[in-house]
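A, B and C label the chains in the order they appear, each numbered from 1.
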């Protein structure tokens, strides 16, 4: 019988640790040196393993200490350890489907929008750079922090190219960023995250909560009166720094469950055995009450 | 003794069902076919009755199944079943005062602002279209979804007429919409909903929570940097799609209870026996710390 | 042994009263006449003392009734009773360090930014009026309600002077306001409050919650489409009227605890014995993921 639950100490680890303690599991957290404080301050970690870099997760001595635990992966695990290592060099039982993790990528063979298309879930249209289009949202990795992204809205293909040129001139992005650029339909509406849980034992999709991301400095920019925004002309950034809880209009829950079920079904088909456990869909609710899922 | 609680499955039904289960009642939900999923997914419904249209609530076979329950009305019940049927053809005991429901309307004899005036609660000034006024908020039903509304802010009466003309040209509103237009003082401040409960047994007004509506696409529009808003010039919509929890400055609670009590008192006088159970007041807090209730 | 907990009935008193009841203390609240309703409506006050003015807290007959209680101070207590009286004429045991309260001031010898500097916590740069600077945030007391403040953002020193002149002309501020003006670096990012508790008995810093202030009429201004803002040109106010709950990106918690610990350490050094109990740090998270604490 499973006695302990382990995590990489970042992203959503505290939630997992807190829940595991509540369910009487022993908990193990692998933290990066210099970032371990929260895992010491909240009384939810029984064993704290410190590593120099998160990639050391797959080293012999860490694996030995994780030995008899079940590991709950999160996005930081994917980003810092890497899909290949997770799939081939991480012999710890994972709660969830480790082969699904790489489908969260935005580009390449296994990518998130391909999964949404297979599920027949509406997502923003995507364009090639320069292709004529209405308002678009352009995303590409920063030059300095490749795990964070530059975002901008452009009224047209021409406007997009011009704004991109400015970013290049200011070194906010570089040639490498351009390889991972995405240009997509700008969907105007209210954004929500639906936090689901698919339980295989009960064969049931559960909706656990709804929340909404907070981005910096966007959050401060939109609180600037319009005249001041135009005067100061800030460089707008969309770095995720927090979340707010929310509820969604009850009559929209039908559609929320619908996209959840479609997503579960598509994952089962494309990356068997599909989703096990928690997953989140981020979407825009349009004024026509459509749900458009984005990455 | 009451053994079961019934609802029309929309709007705020899940909250009622959840509370009823917690209090050990049997629960009955009447859902529209194709919109029943949330009432199957959350384990709060003991008996689910499916109807083709919500108006079938008053049909013989549904009424028979609701027989020994107490029914908790919500806004969808009012909108889809209609006041006359609710008052005359719905022989199920209702938790609350069924004759108050029609006072939620914006126009006609029994209207919400008349109730607020009787309660001596500050509300936005209202104007006739074309009447000289400072900044105004104009609301009128959409041409295509008459239960949803177009909103716009106008700096002056002249500006309002011009913006209205554009909406007509684009078919967003039509002649029928104009019959239900409202032009009111635009009150600038922070919006809140206070969720009250008036208990007749304890003769007590309770404040259960505070939250704030989220509107689409407004929510996405204000997150657009000002320069992009001006460039893209989006058609702004104010469709309610969710809520966020909030707290209100403690020194404002005096005024919050005050408007709650005044509202209870006015309802008792005008639509005896007045309010029984839950009700919400939506208001703006101005920088002068006044509360202005709106519909 | 302590049997009762007392508060000045404003600001955050209901939270304290609620917690005290939960811990089985008797509770005493001193309310201003005409503002006592919330303390009667929520069942958390055992003894309600009414005063004409909050400053009557230090009168003989109120002190006698507070006699055997422990008093939990809040910001309204500081503002309405005053530091000198609190330090010299309030012989009731206080939960917390009463000599720290005056360090929440923005000007003078004992001021908040001096405390932050001693703690080596990043805060906005401050400038003299007229000193050349990039975008700045200017704050000064209102002419009519000196406990509330006018705020404005200015693109430059010159812009600041011009906007200040307008405020003076419109009597929003006056000569007295100018004595307490602050001009500081405008830091663009997402704002959060971290609500900490330092327990002396356990020698432990706890993070209890994160929330975010809501300001009027700013909250309504930013929901105005940019074109309407420019047209209506509202006088923007930043009066705190509520809060929203939030969570912060997990990888930022390291820095959140860091500023909490530094602040506790600096208070211990500068105003011994330092902080006892609850305190809040308000900060901006920049897109570079720095935390900048403000007053």
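Going forward, a contact is a pair of C-beta atoms (placed from the backbone, for glycine too) under 8 Å apart; a residue touches a chain by one contact, two chains touch by 3 or more.
Fair warning: this is a prediction, and the values are worked out from it, not measured in the lab.
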| request: Go ahead and align subunit B to its copy subunit C using Cα positions, then give the rotation in degrees, nearest 5. | output: 120
| request: Same or different, please, for the subunit A to subunit C contact, judged on whether over half of the interface numbers appear on both copies. | output: different
| message | Measuring centre to centre with CA averages, how many angstrom lie between subunit A and subunit C? | response | 35
| said: At least two partner chains per residue is the criterion; list those residues in subunit B. | reply: 218, 221-222, 224, 226, 229, 234, 244-245
| remark: As the complex stands, subunit A meets subunit C at residues 10-14, 34-38, 41-42, 76, 211, 214-229, 231-232, 234, 237, 239-245
| field | Contact footprint of subunit A on subunit C as seen in their complex | value | 135, 153, 155, 159, 186-192, 204-207, 210, 212, 218, 221-222, 224, 226, 229-230, 233-234, 236, 244-254, 257-258, 284-287, 289
